[in-house]
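In the two complexes that follow, chain A is the common piece, with chain B as its partner first and chain C second.
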Partner chain A sequence: MNPATARRASVFAGIVLAVAIPGLMTDYYRSLAALAVIVAILILSLNLLTGFVGQISFCQYTFAGLGAMTVGALSGAQGHHWSFWISMPLGVLFAALGGFLVGIPALRLSGLFLAILTLGVALGADRYLFANGTWNSFTGGVNPRTPSRPTLFGYHLTGQYSFYLFAFVIFLLVALLVWNMRIGKTGRVLRAIRESEVAASTMGLNLVKWKLAAFTVSAAIAGLGGALLAVQIGSVSPASYDFLHSITLAAVVVVAGVGSLASAAIGGLFVWWVPELLNHLGVNAQFFPLILGTLLVTQLVFAPQGGVVKLQHDLGKLLKIGGRRAALEPELAEVL
Partner chain B sequence: MAMLELKGISIRFGGVQALDDVTFSLKRGEILGLIGPNGAGKTTLFNCVSGVLKADTGTITYEEQDLKGLKTDARAHLGIARTFQNLQLFASMTVLENLMVPLDAFAARGMVGDAFRLPRARYEEKKAEEHARAILHFLGLTEHTETIAGSLSVGLQRRVELGRALCLRPKLLLLDEPAAGLDAVETAELAALLPEIRARFGITMLLVDHDMALVMKACDYIYVLDFGKLISEGPPARVSSDPQVVKAYLGEAEEVA
Partner chain C sequence: MGILASGWSLLPSFTVIGLVLGGTYALAAMGLVLIYRVSGVLNFAHGAVAMFSTFIAYQVAVRWHLPSVVGLLAAIAAGMVIGYIVERLTMRPLTGRPALTKVVITIGWLLILQAGAGLIWGATSYHEPVHLVSRSGFRLIGTQVVIGYDQLTTLIVALVFAVATALLLKRTILGTSMRAVADDPDTGKLWGISVNRVTAASWMAGSAMAAVAGVLITPLINFNTYSLTLIVIDAFTAALIGRLTSLPWTFVGAMFLGIAETYPRAFFNGAGVSSLVAFILMLATLAFLFRPGFSRGRTV
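On to the complex of A and B.
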């Protein structure tokens, strides 16, 4: 079996399972599944930034928050009652603008300095943009906005399963677009910039343009995730978009492995289903960060390219499918 | 008519005068050699032409255009390509991908066209791949097409860098020590390859190297640089017998012939 066939088969199997399994679950678990898919979209946004151009961001949830609050303010019950189909693109645009602005100081930074810059952006947004009392007309202040679920072809997506399927289709579309960029010119160019900036610019690449584009598109995808999160939960509270969420997201991306689309799906499941599993086992869900931290250390030692990426690679070897090019994936050491 | 003209280029790093009032010109179709001992300022001069460094004083004119203020990527778009002394391949990418990057830089499509695989993106992608494969074939690298560039030997990596520069469709090619790390056979092959590249692609070349065998064989004209100053110039035969050059350069190293 050649790698392309194996990939198609596993993607197809994944889609069938992802559609069928939540169909058999209760509404509560369907809503968790929808949240997992939305986190997977956020992971895709980081995938693009870290996996392609090798830059790290600790403020993806800030971008998601921009998307969510735009949707909340424009289509919330206390807001303007606009359609989701107008407020969502505006939220994506607004998040993209945020990404563009953060991308400007990020142009000359990488690694630890970029991590600190983006962390500062996240903290600053928590304190001055999202906090009660500063931009209440945007965030809703003490009364969180309550946007309602969108309508698609006359069908109101209020059911948990229908909304899950809707979010899942959006995830698939975003994943497809990211995949196309990855195997096309964009992926090549951004990886070239990651490998050698001096060679990339000598080859005629405008580093400023490409790095800004990567930051902007990444933030736009995060904004899309935030817009979906707003209507999934039905209430936009600043606490859902704080810097701790961003850090958890970055940690999950690193554990799973940057640059692989499968790690987005598995990372999304991990964020929402492991705390649930802990609950079932009678363990306090506050142990989740401890588990994540332990995994992070284990992964850095045993699978620096990322757990999911390593799994894909090993599985490919085991099944004698021409191995994925492991060298495509940068190691964390290169990023931080 | 000179293709590239340097006038009074000086650059200083702290206490070191890396280039001191260097003036020379390069004719279209020429393979010009620039030699000099270690630290003579050869790579610095390259960096000034390709835009990696800014000279303190002096002007660089390319095709009657002042290069002042133009960034590296803009100079590439004018047709100036270069290779690097310390290899700068995109090491974790395949050889083919390495060669496609400059073609990508000249292609019009952006992220949107790429993401949606618009017809133009697919067409450009196919054209770029064909072009890169043709260059790989010309350089005899076909069997390494899908190899990760960083895993190749130094000799092959230098050849890939040359191929990557050729994919930029340059008018002027700057070769920074292309023979460093090559054995005698590979160097001889390279010396034969450079005039072939000129004949085939019509590229003017500026070659910097220590390897006298290469420079003497491949170049039409040679400038000698020492401690940032030009100390001699002329056709290979004359330069190699210039007592000043022998003193500055040939005298200090036994293995150069």
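On to the complex of A and C.
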């Protein structure tokens, strides 16, 4: 089979399964599926930054928190009762602004120091911006905001399945955007920057513009994920956007693989379904970060390209499709 | 931190509190710098190591009612064991790999230690601190400033460790080997230094310092698995002021940070503003001391 056809067929099959399977589930599992899709959007936001530009971020949930809290403050029951369709774009804009501001110092830093900076941003947000007492009209303080589900074409998305489908469509749109950026001119520019900043600027590329743009778009996508998370859960609590969540996200991206779209979907499933599985087995869900950390450590020691990417590569070799493309995926360390 | 009668009159006693806080930061930050200099790895799990070791001390001293000193020794032992495990199992197999891969591994250790401590001791609850000495104190002659014996102990321990680390690095064979490995591991090997053993020693010593810092800081903060892990960011800031290389500057930076975080509490309610101070200090240090062209190497 021709690799392009095979890929198209597998993407189509994936979409059909993703629409059909939650249709057969109970509402509880549908809500978990929706959460998984939203986390996949957050993973895409990090993928854009790490896989394409080679920048690491430990503060994606801070950007998501900006989006979520904007929606909470403007659309929440205690807030202004604005429509989701107004508060969500504003949340995305606010998150984008946050990404832009973090991107400015990030221009001068790379690798290790960027990691420290983003960790500092996440902790600064935890302990100051999102802390009770600093800006309660935005964060809600000790009383979490409770935004309600949006209405789309006159249809109120209160059902778990309808909201799941809504979130899934947004995931597909974001994936399409990221995919286009990856194969188009933008992707080539970003990869050139990742490989060598000096070479890229010699080619006449404006590093400042592109890196800032990457940071801003990545934060905007994270803000969109946060806005969806706010209406999915129906409550916005700052503790859900703390630095441990950001670090967990970064760990999931590393474990699943950097720069692959399939790894985003699988990473999203991993974040919500593994704790659920643990619950079913009668194991404390707090074992999840323990398992994740162990996976991260063992996989970096043994399979530095990332689990899902390695699987894709092996599978591709087995089926003689797409193997060449998977082989192009860089080792994490080369990416960073 | 007290009800605010008048901000300015509180400053002398807040200076003491700031220096004590700075002393614990200094211990943690010097451990961080020691590990970074010798192994080239910035340990993001440093705070988590401090947290886990401190909970060992809590288990021994508070739950088992053994003397606090036994708890402290248990914490130091725990820190050394964790440091050794991290180095032996996950750093040594990656020798020659980019430093950033190893840094991401320390994120994995952060998650493991954090979740592990949460499972053993409970993730959200607050815990009774480990008091090494009585909390009574004495009044500084001629002033209103009361200094607690526990505060004095913390300051002295921090100073002793700072001097001891300096002496270790300058005067002992192990310390000289550490500096040699920090300069150039390959040349170190030529001189017959076991690079692996020296690197492991630095991880053990650095993690033990984190453990001491963790135990000393427990009376100063509401201590749980989360809050202790967060001291990594204060340690980072202090270490950045020392450019990740200079121990004396790291010490000075930590003291400055401790005071800068404490003074705002004399004027503003809540801990928020002091956290902002730490963040701004970190941003400023990153912007001014780590301009492009700064050698990211293992200079001494």
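Everything below uses one rule, namely that the second predicted complex is superposed on the first by the 328 of 336 C-alpha atoms of A that agree within 3 Å, B and C clash if a C-alpha of one lies under 4 Å from a C-alpha of the other, contacts with A are read in each partner's own complex, and residues count from 1 in each chain.
Methods note: contacts are C-beta pairs under 8 Å (C-beta built on N, C-alpha and C of every residue); 3 or more make two chains touch, one makes a residue touch a chain.
Bear in mind that the values here come from a model prediction, so they are computed numbers and not experimental data.
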| item | value |
| --- | --- |
| Three-chain arrangement built on chain A, chain B and chain C clash or fit | fit |
| Partner chain in contact with A:S196 - chain B first, chain C second, else both or neither | first |
| Contacts of A:N180 with chain B and chain C, given as first, second, both or neither | first |
| Touched partner set for A:A213, first chain B, second chain C, both or neither | first |
| Touched partner set for A:L152, first chain B, second chain C, both or neither | neither |
| More chain A residues in contact - chain B or chain C | C |
| Which of chain B and chain C A:L97 touches, first, second, both or neither | neither |
| Chain B versus chain C as contact partner of A:L205, first or second or both or neither | first |
| Minimum C-alpha spacing, chains overlaid - chain B and chain C, in Å | 12 |
| Touching both chain C and chain B, counted on chain A across the two superposed complexes | none |
| Complex interface listing, chain A residues touching chain C | 56, 105, 108-109, 111-113, 115-117, 119-121, 123-124, 127-128, 131, 133-134, 244, 247-248, 250-251, 254, 284, 286-290, 292-297, 300-301, 304, 332-334, 336 |
| Residues of chain B defined as touching chain A within the complex | 50, 52, 71-73, 76-77, 81-82, 84, 88-94, 97-98, 100-102, 104-107, 109-111, 114-117, 121, 124-125, 128, 148, 150, 164, 168 |
| Touch list for chain C against partner chain A, complex | 42, 44, 90, 93-94, 97-101, 103-105, 107-112, 114-116, 118-119, 123, 226, 230, 233, 236-237, 240, 269-273, 275-276, 278-279, 282-283, 286-287, 290-292, 296 |
| Residues of chain A defined as touching chain B within the complex | 177-178, 180-181, 184-186, 188-189, 191-192, 195-196, 198-207, 213, 217, 325, 327-328, 330 |
